[in-house]
């Protein structure tokens, strides 16, 4: 592997770390057709970005993302920023002919997404949208089982994405709680993942009904200057308005006749990062929970009568997608590994022109569902897509 | 306990057996203020009802429920029949001054329910509606924890009631699949239970959105003549139309600000009788699954930091409701025991004038929610209650 | 079913209730060749035994078990007493030609057991030993799977029987803690069940190593006069010596080459009645836990590669042993139901001369293993059986 | 962090990869007082070691470990080899003043271990023995809970370490199955981990009884030349003798009065890497399973009556040891992360002279227990330590 792929990353917080780790580890555990070079890290604050670059081995730094994109030595722009910044950067990157590895959710709106997709296609760049959960081995294995016909015709999709990090009313008003940065609350942050998985595993959605709710309407102003992760500190006693929803529920019909439900919330006390789905079909069923991400539950009507039951597949064997490259069977992997798998497939897509998904066309469809959801929540009516 | 309470039961199939067992066992394990006497069993077919009466020890039989109700020696009418027969019988029983132990769902409509309630109140009879799950010890304990403030303000109710007994398209068109007998499918049969639990544990519902679906629209005509339970045999190759829904999903707002979801289906392959709910509140959370009915999961923010987690309470101790009357701790009970608990409380209600719930007023509220659901599914609009 | 079988029961506490319930319920849910008549209840205290008889419907009472055995109208003697009383009663009952339904553990010693067996055989009476767990549907289904070859050659038996009811040092010195009544602690009470299951599911044992321990050596004297169950009250500040072990561990070899372990204790804080076993074989594995007694876990190497895992069979279907006679699939049963199944098989054994196990020959083998265990614990040496 | 620590690693297979990954990742996620430099990788086959070095970024290679140890620029010798090679290398490294990071099990015998410990102490080098499971966050948290008195006096330790990779009789005779390389089977490989955890969490052991077994006595000769992991290929039809045990069970007494059991096997069909322990104490209990390594089950008698139960702590919060340095709460980590934690503590031990355990003194104690086990299995007698 002599070929190299020069990466420029924008953003150095939670996702900056997760992406850096993935660029570093991919070639250690997988055979990939080019070696990712951690070339440039970009962030607005020179000191912070320098610290980050030094720790993770990024060779250089920039403080202006436009300068980064202008650099001819950069092959890939990795957008590891909140969603309000994706649109402008992605357009510029695509126009400069850079391949794009973009954090989710794709954008602030379907209108933005549409344009981002078009410009990428026009400029023939690879555009990958990092809904990383598709590459959790248990999820990838579920996909394969569905494709192999083991579940049959799907009747039900039942999904929740539950967190609890803002149950405390004194948790401050971080950027995730402001419409101007985040566009929406869990509908954007969490349901974007859930809808992506539904598209991936079940199919396209035809109708959406949605209900949103706010449980805490005002919160202390946040001090996010130095924060590198979700837990920001409150600045003082001053309060500001929460301008996104706290919870978003959806009921949908799929084009193939299945029905589905989504439930995204930051108020499920005790659930830290529980993305769980259940799929019920005419031949079998599947259940997954991200908090037990190495396990996939499977029920098969093909099992002998009397011996049927939900079995827990420990998805750590060489017969399973991705995971055989890590450790022997039974040695589980963690959250960050799905990012590594994404990098592996992304590098192949760039070097070998293999298709990769989800991409911006998937992101556009997700945006359309999420927007329909907000519209339904507003109007109290079912929306046809 | 010298006092006796004479019971007349109408119906001798699945619920006839479950109720008979409960009348028999209640005085063996609980101190109750009157002894239930299994006086008369009533059913249209003399031979079947005689067999049933002999097996279970009912002293006499009747084939006309009107004659049963006219008998002055009967104190209680136990209605163990499908819902299309509840209305007429309950009215007659109440007018005759009989106390009523009525199987669920209450009726075919809220209009019927309203009249049933009024006539019972006018005639001052005890009217109990057998949503038996309230008296599963784990559910009763959950109620107590909520009342004791251990969960705090409720944010989320997430509930499903999943079965899979009609996944096979060759399963015949039994009465449960015909609108004229059943009024609706899982919306009536299963969601009536789920809504009752939501009312019991969370509170009243203010808005309903609903989505229903049919997966199999025609089925072989059933031969139910001799069938004593759910699994009827198909009569031949002739098919008839399924006139109720196969699945019913709802999203609701509660008057107290919580949001909730319901998902009732007979197409959840692998789920036999999974009535599961999750309650998330500001101080803690609760999770229950009827297939593991002796367990209650509880998360408490009052636990020390670092030591928090969902704990599985094995609800079999003398500190728990009802269950201490059975066996030592750790010795679990089964499905039928909740019926015994219902009889215990019903006898007390009759003899000691203690209130009992759910009663027909609860049943009326359930009917209103379920009807609003069907109306929403039809119109695609959220319904305000 | 016109035939009747007259039962005389001796003992009216925990097991008296469990057995009475079983005699009553068996004909309600199963077709059996004779109807058990609850004829005579026998106990030393007239008032207590009368209360018991009235509650459960025993027609008459006796206070001297010898008089009971002399009665010509009694067909079956049900011994629901502590183990120190089994020997003398069983001998007398067998000599009087009565069939015997005997609570476990069989006796105080293998010498007693040997004699009990011989006298029963000489007098050609049915002798059933109530290791009720064999008739939990999940256990009976496990047996069938083993017989069908689904597990293959057995390598491992791993079993524990854990309770925690004497962790509190102030728990009083009840009869279970006195050698003169109980012979031993969990080695007798709990490991008798565990060894019976091992014999049933794996086979005969050839060597035993054992280790016992006492954690609390003195306890308050108990006041057991009025106690009907395990939780006796302490009498005062006076203390007495605990003369049985608190925990007993065993390692064994089976004649078929498998190895096994047992761990019985009353000091497993948080475990109320956890009898759990794991069986690992060349084709598959089984796991059971009595606290989840409706479930059986099964791993099969015959499942497709990549889709293997421990599946949880909810043993509530008509394809499973016994349980189809109760309720529809997914409706679980409880602790007492296994006693009903025992009565069903016992009545068949008496009426139709079908063999029934475990019987006193099984009990004798259990005694030999348990005695070898105590001998090993004393000597620190492996004992060959 | 300008300080550097030069590492020389010997071995490049399963453990070579796991250690390399740990040296690389430690400084990315943790603040450590020196930066580990991947200086030299050593292995007998030049081509293989070169490939390995290039992939993982080891600057140089050696094919003779003696030359590596002679190099003055090396600070740390990382022994990532089978146990038959530890003794000679560790002695040489210690005499050369190198700090040692040694894979487990420590040695072939307690005699070797004793000498290794003495030479390390004489030469004042840091000697770390990589029983990595101590640094799984859930295990480290369990240790803290025990130290904080949350479990109270310990009554029971119940542990198993189950794998199933040699159930197939055609699995070849790899080095792990030969006494001259491995010294023993699961008694060495698996029980060394289990005994280390018992020492760590419960305390020292005073008596040992052990039982071992061989299920498959002959296997195809293995072709291990090119094998980088456990699954070697069979060479042909020729067979060789398995000279280590297939399963090893132990019962022990601890010096503090607790009793314990161990069960190590490679024949537990369906268990891939299940290292599970249960600890029962006077105030609470703990349960852990390596296949669910992010979870710790905890039962507390301090919980309110009626609300007690085993709670599942998802050990991914900043309040937990190590894990806060990775990702937000609820984002789980994997098998390899414990190696990173070991490196973090090892670097601190080297740079800041903080104590680190387990070290060779712990390894010596483990060897003594394991040897006593083999001796007991041979003699059928309990061994006093």
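As written, the chains take the letters A, B, C and D, and residue 1 is the first residue of each chain.
Rule of thumb we're sticking to: a residue touches a chain if its C-beta (ideal position, glycine included) is under 8 Å from a C-beta of that chain, and two chains touch if they have at least 3 such contacts.
If you want to know which protein each chain is, UniProt gives these names: A, B, C, D = Myo-inositol 2-dehydrogenase.
If you're wondering where the values come from, they're calculated on a predicted model, not measured in any experiment.
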* Separation of chain D from chain B in steps, with touching chains one step apart -> 1
* Could you run down the chains that neighbour chain A and chain D together? => B, C
* Please work out which of B-C and A-B is bridged by more C-beta pairs in contact, and write that pair. => A-B
* Averaged over CA atoms, how far is the centre of chain A from the centre of chain B? Could you give it in whole Å? => 41
* With chain centres taken as the means of their Cα atoms, state the distance from chain A to chain C in Å. => 54
* Structure fact -> Between chain B and chain C, the Cα-mean centres are separated in Å by 35
* Residues of chain C touching 2+ other chains? -> 271, 299, 308-310, 314, 317
* To do: Show which residues of chain A lie in contact with chain D when the two form their complex.
  => 14, 18, 20-21, 24-25, 27-28, 55-56, 163, 165, 229-231, 271-274, 290-293, 314, 316-317, 326-337
* Complex interface listing, chain D residues touching chain B -> 141, 145, 150, 296-300, 303, 305-314, 317, 319-320
* Would you tell me which residues of chain B are touching chain A in their complex? => 153, 155-156, 158, 160, 162, 164, 167, 207, 209, 211, 213, 215, 246-247, 249, 251, 253, 257, 259, 261, 263, 265, 267-271, 278, 280-285, 299, 301, 308-310, 380-382
